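Chains here go by letter, A, B, C and D, matching the order in which they are written, and residues are numbered from 1 within each.
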Amino acid sequence: MSVLVDGDTRVLVQGITGHQGTVHTVQMLKFGSKVVAGATPGKGGSTVEGVPVFDSVEEAVGKTGANATCIFVPAPFAKDALLEAVDAGIRLAVVVTEHIPFHDMLTMYHYARLKGARIIGPNCPGIAAPGKAKVGIIPNVVFRPGRVGVISRSGTLTYEIVSGIKEVGLGQSTCIGLGGDPVVGTSFVDALPLFEADAETDAIVLVGEIGGTAEEEAAEYIHHHVEKPVVAYIAGHSAPPGKRMGHAGAIIARGRGTAESKVAALEAAGAKVARFPYEIPGLVREMLGKPASP
Amino acid sequence: MSVLVDGDTRVLVQGITGHQGTVHTVQMLKFGSKVVAGATPGKGGSTVEGVPVFDSVEEAVGKTGANATCIFVPAPFAKDALLEAVDAGIRLAVVVTEHIPFHDMLTMYHYARLKGARIIGPNCPGIAAPGKAKVGIIPNVVFRPGRVGVISRSGTLTYEIVSGIKEVGLGQSTCIGLGGDPVVGTSFVDALPLFEADAETDAIVLVGEIGGTAEEEAAEYIHHHVEKPVVAYIAGHSAPPGKRMGHAGAIIARGRGTAESKVAALEAAGAKVARFPYEIPGLVREMLGKPASP
Amino acid sequence: MVKLTEWRGKEIFRRYGIPLPRGRVVRSAEEALAGTETGDIPLPCVIKAQVLAGGRGKGGAVRFASTSAEAAEASRAILGLEFKGERVKELLLEEKLPIARELYVAITLDRAARVPILMVSAQGGVEVETVPDAELLRLPIHPFAGLTGFEKRRAIRALGLAGPQAKSLDGLLDRLWRAFQHEDAELVEVNPLAVVGDGVVALDAKVSIEDDATFRHPEYADIRDDRTPLEEVAREKGIAFVQLEGNIGVIANGAGLTMATLDVLQQFGGRPGVFLDLGGTDDPAKVTEAFLLMARAKPAAVFLNIFGGVTRCDTVARGLVDAIRQVPPAEKFPLIARIRGNNEEEGIAILRSAGITSLHELEESAKAAVAAAGATV
Amino acid sequence: MVKLTEWRGKEIFRRYGIPLPRGRVVRSAEEALAGTETGDIPLPCVIKAQVLAGGRGKGGAVRFASTSAEAAEASRAILGLEFKGERVKELLLEEKLPIARELYVAITLDRAARVPILMVSAQGGVEVETVPDAELLRLPIHPFAGLTGFEKRRAIRALGLAGPQAKSLDGLLDRLWRAFQHEDAELVEVNPLAVVGDGVVALDAKVSIEDDATFRHPEYADIRDDRTPLEEVAREKGIAFVQLEGNIGVIANGAGLTMATLDVLQQFGGRPGVFLDLGGTDDPAKVTEAFLLMARAKPAAVFLNIFGGVTRCDTVARGLVDAIRQVPPAEKFPLIARIRGNNEEEGIAILRSAGITSLHELEESAKAAVAAAGATV
């Protein structure tokens, strides 16, 4: 068992006829994902890299049994694409699109929840379980099957870290890039229980950033519910505070949101916190009780 | 086990300080219901018939453990009252108020569903399980504990029929008045499985009306899922067709919605259909294999 | 349900930016003449009786005119006609457009699914009930998502539109949805929706507004083109009142019990005339008013069938006794009463003191009412 | 985030019907004189510098005037001042009101709960972060329910308002919520919200609009009062660009990797200056533009740290080589490059052909960048 995706995942690509859609369809196929359909209004009947394209998600699901979607459509239309997927019965939606207004994402999130669907993203690299399936855009080269689960708010930093794990001879069970937008469909707290329950995951790497309080909430969850070893890294401890605007954000954060707050919370929860990305693989080895690689 | 209410039901009355709210609080108390709180904005701190009144539902729930509500507030404010109850954690809401715009009820229904709460009504007499609890306005005098479950779209006609069941020496397990509005929180199809599963119900009486297709849908459900004997009555087979307005309603109905359609569907599903209300008790006896009362 | 005539529906459409033919409503042949002469109403034009009933085309309530004189003459011919029970008092005169295709579009409530539903068909301009299911697309609109782009695309594909016509329909659907929501409509229907040139135009408009929502739409509260005078009086007093063909007046409380009462009366050969649903009340004066209203309809007999819940039996009995005293001897009629439920004993006692017997069983009471009405015919 | 100055925020408030003091924005002492003389701006009045930073009262950026001459004088004194790094170019002159109480009201996003949140406090007019939790009410607003009556009642109770003042606040909350939704705001904040007579008045306005929503609000796209000129150029080219105090230029892709790069540089004693997030691109020309933009900031050294995903290594390498050719010899600076990920080999080969070595490890690259920058200072 991997997390959320496996060999039965049948991927639909919304916006497959766009440049990114096509490029990443090829990459997903190379990874070994079953990309069974694409959807682009008005392009039904064509194919992209051998994948049949449909005018609507409903048709794509009906004809191909797609059960997960990867959304590349431009921000102004992303909400509609997600609602269409959820209404057609899709239960896992990876939203790669960036710059989606959070007001739209609020509707997307709560509507998906109402219909029992999960969103990963938006503005995210997606999810991949090496040897099984990838839904998203994480470069194939960084992966190697293994027993480390990775959950990250970042994009390229995730690649960096996943690649580092591979380079020391370890591998990944499943890697989820949650996306760094203000409102995400799946947060650390939503993803942690999946990895904790996953029989193929021995250790969890959590990659956070400054801002928001998702890492503090993750620490709280880890403290109470996670038995597996957790290695964390928080990017941005050297970043300058942004120009301030109003007080509302500060009220919500109440002193949380800084790198110090996140690191302290995670350490108090029993996680090992790396100061720099390249320290992560070593800490994972250490927590798994494995010797350093040759 | 009765259906939806029992001895643990702790009733909140929203709009308790209004005339109907007060009158029916007295009746619910006489029935034996645990009416633990009232809520009327601005009237917090007072009492009605010994029941403490709070300014907000949140406070009422927090201080009294209310787990069901009976809503009497006027139509323009009913949506707000329901949302307040649901947000405060109430999971069963009987909405007695009539004349709530269905556009409001759409929000009420879907919001309650999102939060895992059930609405009975609006514009309904509510629910009662003799000897246990009543949430609503059905006259106490018509009840007698027994093993006949009653589900009805009507108000006073329900009283007539429930009373008739009592007069032949039978009694009721639970009676639900669903309300006759275009959008109801609980329909026949929602209520039937509860009675089918209820160990205290031996037979089900279904009281319908012309218009809509709720009875046809109930027949479909009965056909596939209900083992217990069902006696049905459809009011309005002599009513003249209303003046027509547009074709949309006719398209949705597609020939259903008439008394003939409903009776035929119910009979095909194995229900006994009474031509007149006063035939119901006899048919129930018959289906239960009981002799006529002395 | 507040049913609006075509021109009132189109006034709403106009506010929401839905494309319409040019033209306006007139109430006399002179207005038709002047309107077409000034160009307010372009020629050639269509002249349509503003009545609620359907089938105006076949029924002679729609005519065409090429000149002002013809428009005036056609208007004179239609005004004052009785069409399916409605007197024609208003006409809508509109430009005649070069129609390429006639479509059907409507939004209404799907009670079973508890969502609004968009329905479209490429076969517009006909009675849509006759269109086969396969030719009609139904699209549920979740109230939390609103009308989505993908639903509109499905509608547009089903209607076979493309390019600027598709864009025009897309905009119309958004506007129709906004009108449905913001006006608290039960129905917004466009049949036919005409394809004209590069766009779509609403040739007809059927809009009905929810009665219960008039508290936030007072502008609709007074629009009632479909009531008899007695029904109008009843409405003002908050009593549901319907006039049928028969001679037995029925006073009951609650729609279900009222319908069941009619069912039973008819079973025994009775012909229900006026029926009147008291609803829930505990004001004796309202009962009195209802009874006096009933008296004005001159029934052969009245059957009062009340099951007391919110409405208590003693309240009804008090109001009834008061009303009977006010009916002049010449207008008296037989009264069969059955009151049951809350405060039953008190109610029966009050009636008895006024010489009225309350019967117990529905069956026997209905038979008695039929007999009484028959005796006086 | 498009941050709006007070007067722009109040323009929005005005459109939504939120009560405001009378007055207007001026850009010169002459305008202040004329405005107060005509009564456009009632006297006595408050004169407030239109800058984004907080703490204007304490910082001397707010003054009062009783006469037109005083207003002109105060305006002259404030205009042109530098306040926390911002030049004062505009003033808002408003009537001085008899304030009974100062409250705090705001709506923003609660990221963790994924709902908008209404926050109110009876302690307005101060830095609200300093108000204890118990004095601050937070009310989540579910997007499918909207701001409900019961939430408004809780807010009103918490603020201790009643009668017409409560009604005034109730209306203001509805309008604030509508503004938050319809303008795609990240924040609408009123601090202080003044109780004046029978109602409430928004004395200040802090509004910020979501960057990502400017596709449907083009009116906000050009409002940028908080960018440096180079940042503005970068924005036009779609590149995230931030100027800091240090001397090492950083080009990376993705916010997380960019921040991690800064972290590592600082760890080894480096001082990051400009940092520039390429985001996801596979257009070599965009890489070239980014690099040339960086060159204009005159860094002591540049550290290019790319992990290719959407952005492929060969694309970056091509763009980079092209850019280096365009930098005049006099403006050259040391370049430390590290490119990893998709099409890594091709990228490295392209760089090598231009004489650039791509390093492999983040640690060693960062050390090299710090050393290079130090050497040129």
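Going forward, a residue touches a chain if its C-beta (ideal position, glycine included) is under 8 Å from a C-beta of that chain, and two chains touch if they have at least 3 such contacts.
Only a predicted model underlies this, so the values are computations on that prediction, with no experimental measurement involved.
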Inset, instruction - Could you pull out the chain whose C-alpha mean position is farthest off from that of chain B? - result: D
Inset, instruction - Decide which interface, B-D or B-C, involves more C-beta pairs in contact, and give its chain pair. - result: B-C
Inset, instruction - Indicate the whole-number Å distance between the mean C-alpha point of chain A and the mean C-alpha point of chain B. - result: 46
Inset, instruction - Please compute the C-alpha centroid of chain B, do the same for chain C, then give the distance between them in whole Å. - result: 27
Legend entry - Centre-to-centre distance between chain D and chain B (centres being mean Cα positions), rounded to whole Å: 54
Legend entry - Per-residue overlap in chain C, given as positions that touch at least 2 other chains: 142, 144
Legend entry - For chain A, residues contacting two or more additional chains: 107, 110, 114
Legend entry - Touching residues (chain side chain D, partner chain A) in the complex: 1, 3, 52-54, 106-112, 114-117, 119, 127-129, 133, 136, 138, 142-144, 181, 184, 186-187, 189, 191, 206, 208, 210-213, 215-216, 226, 244, 252-257, 259-260, 262-267, 272, 279-280, 282, 306-310, 340-342, 344, 361-363
Legend entry - Parts of chain D lying in touch with chain B, wherever the complex brings them together: 142, 144-145, 148-150, 153-154, 157
Legend entry - Residues of chain B that touch chain C when the two form their complex: 20, 75-76, 98-103, 106-107, 109-110, 125, 137-139, 141-142, 152-160, 163, 180, 182-183, 187, 207, 209-210, 212-214, 217, 233, 235-240, 243-252, 254, 275-278
Inset, instruction - Please name which positions on chain A make contact with chain C in the complex. - result: 41, 55-58, 77, 80-81, 83-84, 87, 107, 110-111, 114
